[in-house]
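Lettered A, B and C in written order, each chain numbered from 1.
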Amino acid sequence: MNSVIDITDLSVKEIDSLINTAMDMHQNPEKYSSVCKGKKLAAMFFEPSTRTRLSFEAAMLELGGSVLSVHSSATSSASKGESINDTSKVVSCYADIMAMRHPLEGAPAVAAVSASIPVINAGDGGHCHPTQTLTDLCTIKSEKGVINGLTVGFCGDLKYGRTVHSLISALARYENVRVVLISPDELKIPEYVKEGPLKNMEFSETDNLEKALPELDVLYMTRVQQERFADREQYERLRDVYILDTEKLKSAKEDMIILHPLPRVNEISVGVDADKRACYFKQVMWGKYMRMALIMLLLSGEHKGADLLEGASVTQKNCPNSRCISHTEQELPVYSKNGRCVWCDEELN
Amino acid sequence: MNSVIDITDLSVKEIDSLINTAMDMHQNPEKYSSVCKGKKLAAMFFEPSTRTRLSFEAAMLELGGSVLSVHSSATSSASKGESINDTSKVVSCYADIMAMRHPLEGAPAVAAVSASIPVINAGDGGHCHPTQTLTDLCTIKSEKGVINGLTVGFCGDLKYGRTVHSLISALARYENVRVVLISPDELKIPEYVKEGPLKNMEFSETDNLEKALPELDVLYMTRVQQERFADREQYERLRDVYILDTEKLKSAKEDMIILHPLPRVNEISVGVDADKRACYFKQVMWGKYMRMALIMLLLSGEHKGADLLEGASVTQKNCPNSRCISHTEQELPVYSKNGRCVWCDEELN
Amino acid sequence: MNSVIDITDLSVKEIDSLINTAMDMHQNPEKYSSVCKGKKLAAMFFEPSTRTRLSFEAAMLELGGSVLSVHSSATSSASKGESINDTSKVVSCYADIMAMRHPLEGAPAVAAVSASIPVINAGDGGHCHPTQTLTDLCTIKSEKGVINGLTVGFCGDLKYGRTVHSLISALARYENVRVVLISPDELKIPEYVKEGPLKNMEFSETDNLEKALPELDVLYMTRVQQERFADREQYERLRDVYILDTEKLKSAKEDMIILHPLPRVNEISVGVDADKRACYFKQVMWGKYMRMALIMLLLSGEHKGADLLEGASVTQKNCPNSRCISHTEQELPVYSKNGRCVWCDEELN
């Protein structure tokens, strides 16, 4: 499979090579300014995500290629009920590579199986968002020089934060990365992450951002969304505890870096932006270069990932995940691999 | 007039030449990769139609040109009430050629009269969709080698199916094409098509898809939309009868080809996609090449169609078609030609 | 500051030079066809304005550059509450120059302070729309040969018409321009315009379009919007008085020119379009060339405007303008300069 749906579709070696390419692109942009001449990226955004869409589009343009853009289901044939399978086959006639954002989990995986061009998952519900993780890794590597051996703190909503789970999975494949999990009880990291990627990592949990700060090399902030809480009062009490401001930052290392997947609401005070440790806008820049590197890799045909359906078998069970694409896609079988749905990765019981 | 509003705006000779160009483009894409360098296509989509829009945009990009894109009335000055006349004159300052999709019938014709650049009708309500017909003809020609002498079956909604009426009109201009009309009573072809293009063609009508299949060279499937039926039960009974699946296909010729204007809902089972006779995704590809060929033809200035208003005269009558652009466009006269509205082709009584 | 938020950010000398460049672009487009090769314009449209967006996009494409396009808050991260500050910093990673349209007044000014790339105000509420004024000036200059010494009539809604106030400000910087203000009592020019730019100009007021016409060199028409009136009857009576038609035009000079910022609803009869004095579609063309010239100027780095916050000081007052960006932007201080809000130019009391 010449597609990237999950961050684990790329080997550590491939990721390191992508980071090196991204850093070279940053140094020598003109070297890459026409490597995709005559190629087209289809940016298929079935839910709004301006930042991610513009990042992909800017990436393709800086490679000398061009862009076909679909945003929001409201202006697409999706509203007439076209399946992901058909859309993917159609777009394969128009473009050379596709980036897909979709509210339903597994939609880009279905696209990858149907399309005759490479598919990049640009975020599917709460499932995966591999280019965000590539962005995070590249920013850490380029700002800190290494990934191995770092102490990385994650702060905020660790329960629902897809980018957190995905970055932990990726860090688990490096050496001696230590993880500090900073969150209120209501938003603690789920058990399956502890029993999964965190199993072989050193990690600790705390609800105290200020105490955790001094030991961190990287602080990864996330949004704490009001809708996760039962009552507003509790939300407002907790929200303020996890707002990063210049006062709290005083106890942090001089060379710590602050990351955030953006958009932020108010979990980082604007005053922090001027601090040299604030790297979340640099992260945006690295995101563009990593997407450029990934597009180049996939168009080169040199990435040969495992076939998604290899080792999977059709099951008569329904996927219990109500946000799985299998519930809406026409005539799509549920495939089981290691007891999980091959589309959305949910456990099939 | 240097525009294409209806398929009959192109001569058979022009269509054949477009098909030849499209086939050459498929063979030698690099020959055409910069013929529209510096030219701009305005894709004016006043209702959503992602597939058609992407086809036009991909076409222009593959010719080396670039694209200005307007989709959906919600994000356009149309919501402030700008007329088609004004929009067309404005866009003529920005682009070299325009493709217009509009829910009101006759809107692209008004644009063609107002604009100083060529206009391609990309679908106006139930009226015309000439590039779909060009797509269909090109697919038939390239897959079957000929158009003359074929037996072409149309299945599904033949009453409201704009693409069906238009393709029949186009096939009437070739020799010895035989037509088989397959539909439930509720969705039979209208009388005016029988008395028009079908008048000089051999054709038969049936409600039995399975019986009709063995004699067909081409099977053109269409969507059967629920909203066409009085009650849901009747819809569901009929829908299943006209679903094409691998079982029904067993009785068809080995070299029959299956076309569909897409998007499909479920009138062709996904299982059919793997059959070599399924050509509806190839059709998408030919659609792109035909649009490329048409854009090239119109930008060359070699197409000289009849002036839309030639031989027409202003009438004080209102057009009885409630979906005609004449009801909303500022100060637009209704013109009559051969007793029909020049904008939407409705009979004026 | 390398941005243009208000027309007064450009000197008269710069404006004259932009007009000369625009006129040369019109004569020799090929000279400019790759001056922005490899550069990207971000067209950030947080409210619909198709004409202005397409004008910017066409401008960038004709300079050989490419475009990233965001239209309407509905399909952007803005709906997740991203601040203008963050959006501007993010877009600075993707594009080389930004045009921003926003319903809140001062949003482009905030963007200009935050972004590391030049920002062009493409219209912020009722505040400014400097490229429209550049368009108007260029059309007058190229059609009349001069700006100095002309008699310019403004007709319609002079109370709320942002384009009117802005053009008067700009004309005040030329010599001997005489202004005739034609409007119903309800829509007369505000006092602050009389006491501001009109102070040193010769001007007169009237409610009679027909009487004013014969002396005009330029007639600038605007839309009279129904929502400005208390009752519908009054609106309809007044609207008709200010409709320009071929009959009224008989009393105008042979070489008068008619301008309109578009879109028009019905304040100019379609019959006038064929009159050689009607220049509102030529105006669209000049708008494109002026935007090309402005993009070139700003990307050249030769425009050095005053820093927006220079001489301003943070105040604890709230801005009384409810449409000012300061009410919604995260942690944005209100700055005061000469007693006015630096973002939206409202008087701070």
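Just so we're on the same page, a residue touches a chain if its C-beta (ideal position, glycine included) is under 8 Å from a C-beta of that chain, and two chains touch if they have at least 3 such contacts.
Quick caveat, the model's predicted, so the values are computed rather than measured.
Two copies of one sequence, chain A and chain B, touch each other mainly through non-matching residues, since under half of the numbers at the interface are common to both.
The angle of the rotation carrying chain A onto chain C, fitted on C-alpha atoms and rounded to the nearest 5, is 120°.
Rounded to a whole number, the gap between the C-alpha centres of chain A and chain B is 41 angstrom. Multi-chain contact residues, meaning those touching two or more other chains, occur in chain C at positions 66, 69, 74.
By the touch criterion stated above, chain B contacts chain C in their complex at residues 38, 40, 42, 66, 68-70, 74-83, 85-86, 89-95, 330-331.
The residues of chain C lying in touch with chain B in their complex are 33, 48-51, 54-55, 57-58, 61-62, 66, 69, 71-72, 74, 262-266, 269-271, 273, 281, 284-285, 287-288.
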